[in-house]
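Two complexes, one shared chain (subunit A), two partners (subunit B, subunit C).
Up next, the complex of A and B:
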């Protein structure tokens, strides 16, 4: 037995609002977290994948016989063999468009053509070289807008089947096109809104594909039990969703599929919904042995990406800065398979008008199949792309009208009671406070520091809002053990965000016990109750509430049991400090464990279910998009090197609304992590393709930020509800969406140049500066460009 | 893919193994570059000749006043950057090593491997050339020294013979009036390889006039670039912004830069024009005057 020293204070009764260390901090630092990546099963096979070298091709012939003969190879899966197995062949969380291995066609460079299960990785790798494939190359399309044009190469000749997985997802598709989903939002009459405007602004903004780069890659182990049950260990953010999809594919009752998830080594959205579980389970079925499938770093880049976007945004405004209308077209490249694009393009779509009172709004958001790696959830979920467009344009509008950019926003920002783009009435929104505070933190309205020679200093702000998936459901169970310690059963996935600690803290508070008296069980669909997903910054709120309900249920049961022992009515019994006592007599009660022992119950099981309601009209996008809105403001001060285009962030401050911070220390870490991720995507992260072939699919050629890249000053503050009893918001994503626009606006402030394409590389900045110098004499930072010059 | 690790017990034996296996063998030291190439399947050697079993003293750093610095090929970059004699006598070299990648890479990567890899986008080679460094290489029977400037021949190509192993990096004793500086310019993360790197080594007389100037621009072509005609512009001149700009312009005109993921040729050309004068300003800046090399 290893005894370890924990942080002091964790054995004292904890409360919500207390700054606690991560529940698994010691394990993380000592490398003792049992990641799925480290799991081995007796007799397991290892898998390697043959991938398409072509962006779009028909498979004329595939011959695996050479691979079959390689000693140590247990099974080789190809399209024709898949068709003979008598299981479902295609999967997808919303649209069943992805074959377990390619059947007739490949749709991107990296599409899985065949899989080898062998005694070790080297053998599997060697066998790949003995699979003969004949391709007939087809024309390919890599841009979402081009893919929507008539005559574009079609990824799917007929529409793949679709099912209603989640209540909020509405799918509009059209046969004979590459449209994956079209989200429509219609509020008021934009023609009228533009007629009422004094000025119109029309711009196009774009963002590139980016990669999540979780430290731990996608990993799945699959094993079939002798009784026909399927057991899957998967590094997934969505064990229950994976279970449902596996049950459907393998025609099993859900109760006969077990999905287990350990702590993930990072995810950022990359591990949401079904990925490689069907392939691992199919190989295990065919080979009759357990298998382990781990993606290499290069393969991670091909599995899932951030949606490249192009957003056309037209805004009408009165001379006093009142916004009258916004009309927006968003094109999202979904890549070769839908994954969660049908939802993401909706959420990005309704976020795109921004957090403003605008009477007339029209949004058309198109998710489009292209011959690129699939795109899916990525921290921020469409909001970063949407606000990059909207928040840069708002800044330009302010400058054109001669109004301070903060002031223009303050005049239009949503307040409690205002109608959002979806017409839902906003409640508990705090944009004005967040923006004012963020701006003040970078010295807005005060003189700027003198730049060094050849440099220019500027400041920028941005605001953003992001929904949380609605409706949604979380179920939790809380067990009070015989000694009074607490077991929380939850399918929320710990992926570095600290969810386990948050849930432990919420449960511990109810019983008045220490953090170290609570265990939170890892998701196991045989044991832990249903949860929709660990996505959308929903766990603290949704699962946190379910855990709170379950703990209250358990406490009520304890009160009933103790009533007889203490000769009091259950309503008069309190639970605190791990003890049960009659109100007013804390010294005369019993420890929780004694109640369970003396009533011979041994254990109490509390149950909690939390369901939220909402939904949008399929034709107008009007309704309730979110049970509550994550919202943030970001502010940056930058120094631009006018000779190199290099931008240094002198200060960055983020303000987020949290309602109530369960663990302020964790909250701060989430905010800082969000900003750092946002800075990488702002300045340099970009997956680059050459005819559909990824050219920088490794961590030497694709950079992510390091601690050396942090701004001179990086600060964050969260705002809590003044009542002290606000709804606890998740913070996984809130601070991400404003980052790029706040930086872009600061560069605009410093130099007068507006860059509309991410990332903001030094070269891109220098090209814009040179274009500006060529066009006219150097502009002062306070110039106001008239629309005609834009 | 069967990869056999060969474990020679001496440098001569390692050289003989190179001669024996030719292109089928690669020498591995720290492995930070080689393992990436293996993983990305850019190379597929049958043998890896490990230098880690070699008994010869390849991990030592020797500095002798008047005779200069000798760094064994297997010295980790992080150790060179910390070595008291290097920090004292060659501070620009210590700074340059400090700017390579990140601390984890620097403890694995070696000063010798850094040279033999001959990656065009690397920091130390430009400064080592500016300091007049040589490498010592050993074949099965004989050893020789090669100036680094001649050692680098093209992208990932060196003058190392097919039966030779690099054993030492040699940096001459810096003259008392030598000042050196390396300016690393990255366009992405600070851990990135350079988009452009400018190394400068300058000597000036008591009146402040340049008596010797070397400017080496790295990461812009297959090998670090020197433009002697441009260096010559400084001879007998005092530092001045117009002089530095003239040298920068001459470098930008003379070099035909590459395009890669860190910057286009268009951009690199402009950056040479901007960064050469900046590096010259840094090396002649009064505040860096006390810093020595």
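Up next, the complex of A and C:
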């Protein structure tokens, strides 16, 4: 265990920076974590869903009467019945395009057509078989680019309403198209930039749909109180956002909707924003009973996915390696409903030029409706797709120019004071150090080990940057209890990242108490203050700062109270070690609890609000995209089997900038977890569709990384600010985006083949090797094949 | 059709009523309220529902409850004795061998079976044995460290419970 030196004048260890165990570690190893999945309400009904077998169809007729008659069925919800309930029918965090159940059309295989609430799951399942539906099939479209072409089948005949949810979101749509959002970035003049270039490189990269697979599925329970309030227990990353959307849908004041969130069994973005809460609440309303809705693993694949992407990227460069321009078109398949696509395609769009000094940039990023399951936030949030394209291409540029790929990056990487694609000035960026260290860790510049027979060894690097949602808001309250223990009220969701422990550490430090004297309350919108979301790797920074402010506020109140007791000015009073004392006399003060007792206050409530500012121009994408930038470098050494296409990762190292690590052990887990997730998406994770029908929607056919997929060596390092007082950066996603490109570049280094489509399955690698063998004699150089090749 | 059955769970005879088609997982959760046993995939691929059946790790989602009548079943709820954590549990805490922890009970039980067979497994042997237990958060390196630490205690004290 890493223990920091105690600071002078305090009697308790400094807890920020310590590798402390999770606050609820015992529950975690005894199986006692109270997940929403375990929750039961008296008299609750269980829900099962009827889903569309067609990717796009009009519902001609739906007859639930057979299901109504199944003993034990309480209520069957269909489109026509939904319209009679007198509530809002459509929801969506940005665009209200998703009906609670299908009304006139279904838009993907798996779209919810009807829902049965019954006394148990078996009964609900049986009842589904007695719902008769007549469909009229419609032409469907599954590819984002095809969906944008004139004459493509339209998912929405008229534009669904848009809401002003979050200040950073810019929406450009067009009536009569499948465009969900178009993000534009215009910096300088790309024509001029390309004219100044000595070489142009133009490539197309793609990534497939992927599934989050949190082991705990989406779970929601809903209950209407006798006084008309709605209470929802949801395994969500965004309780306040869910509350706002439910209030609007059910035409209730937000104060009369209560959302509670227990610890999640994983999320990775899948549980952000509103999902099944409206359906559960509607069933509970109509059936007049509490309901519980749990998705099966197969249904999880249909609920939310990672955006398939295709990225066209054109880069101009001078012979000395100076980048002059990048022009990028990104196509993101949003699936059938917008979810958070309007934001994600923006963030992926401005990440796509990469962390480089480029004077002329043009990005057009298109989120497009298709007849596939909806796509949304997934750990990395567009940056993995964007950097897969940009970082592979940078490598090819370096090789074509005869410049070392690390060196080419070092010449162009952003430093403090440089302008990013959005023209915002970068600050507190450390790309050069991260890249140099990562490269060194896989032996860059040193001889490679001898490959085994029939194999080739190569090394690759990649860098990445990712924004954190800006502007954003977090509010916290810190209560000092009568015995001096501390209660933190925060709506940050604990989903495995250890957020509750982090917030406890931050609060404990202010009072100088052990973090086990702190309790962090789980989100409950009746009790815990507003937080925008537990997404975007924002909690340690945003909520951490709000908790710090709230603790400082509480400390100030304690100082005021103690001033009379200690006969000193409040400004001369310190709080440390759980005691309140006059500066310089730590032994003569009072325990915090005595101050509260002697002043008869019993409790002090501190308040903290942290708001960040920023935003982009809707036409040019210029402005401030991020209050600070998450950034990382990854480096891989791989061995490729030239006969089978199998790739083994011998070494992988990730370097991540963290500013200040509140809990080094959690930081390490985030880095390693990010890399392992990235490895799955690099090598095998792909949701495969046949005419819109998912063919591998279960964990037998869709593999996620196991122990057997670990690299020969996996290491990570987080870099803190040299001052020791750096701003804490979130770490939940930062190490994800470099993984695929670092490995793709290592395969390129080993074999000379450039693969531009993920995942890098043995079949795909082998096909590329065979194409290379067929295309030219083995001795030929492979370095100038990049341009224009697909 | 509902029928009564007896299971020996964590050393105690337990009675439950279950349909003949209900899985052991469903009965352990619904009837016996053992929430450490969790469905992650329902097809025996993820290991979140692992229990020890006569000491062997099995996926309780693949077994019908009535198939295992009278057999001995162990879940993580039965590991801690009199408020003292099992050494494997202690090692998992010391190495923070979890994130969201949904997979943790299954990992711990599989580890117990592994160490009963092989008290001094190498990293490769651990990875091989635990490959059927998935951790989507990716805590694998910490889990390997925890298993190694637990194995050391095994050798130090001579036996694990």
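A few remarks follow.
The rule we apply is simple: the second predicted complex is superposed on the first by the 764 of 790 C-alpha atoms of A that agree within 3 Å, B and C clash if a C-alpha of one lies under 4 Å from a C-alpha of the other, contacts with A are read in each partner's own complex, and residues count from 1 in each chain.
In this text, a contact is a pair of C-beta atoms (placed from the backbone, for glycine too) under 8 Å apart; a residue touches a chain by one contact, two chains touch by 3 or more.
All values reported here derive from a predicted model rather than from experimental measurement.
Touch criterion not met for A:410: it reaches neither subunit B nor subunit C. With both structures placed on the common chain, the touch criterion links A:214 to subunit C but leaves subunit B unconnected. Applying the stated contact rule after C-alpha superposition, one finds that A:705 touches each of subunit B and subunit C. Subunit A has more of its residues touched by C than by the other of subunit B and subunit C.
In the superposed model, A:676 makes contact with subunit C only, not with subunit B. Once chain A of one complex is fitted onto chain A of the other, the partner contacts of A:29 are limited to subunit C, with no touch recorded for subunit B. Once chain A of one complex is fitted onto chain A of the other, the partner contacts of A:266 are limited to subunit C, with no touch recorded for subunit B. Of the two partner chains, neither subunit B nor subunit C is touched by A:563. Of the two partner chains, subunit C is the only one touched by A:37; subunit B is not.
Applying the stated contact rule after C-alpha superposition, one finds that A:167 touches neither subunit B nor subunit C.
On subunit A, the surface touched by subunit B in one complex and the surface touched by subunit C in the other have residues 122, 296, 298, 698, 700, 704-706, 708 in common. Subunit C meets subunit A in the complex at residues 19, 34-43, 45-46, 48, 75-77, 79-80, 85, 89, 92-94, 96, 98-105, 108, 126-128, 130-134, 136-144.
Against subunit B, in their complex, subunit A makes its touches with residues 122, 125-126, 296, 298, 643-644, 646, 680, 683-684, 688, 695-696, 698, 700-701, 703-706, 708-709, 761-763, 766. Across the interface of their complex, subunit C is touched by residues 21-22, 25-26, 28-33, 35, 37-38, 122, 212-216, 263-268, 296-298, 495-498, 665-666, 668-669, 672-677, 698-700, 704-708, 710, 714 of subunit A. Of all residues in subunit B, those touching subunit A in their complex are 1, 36, 39-40, 102, 185, 187-193, 261, 263-264, 267, 270-271, 274-275.
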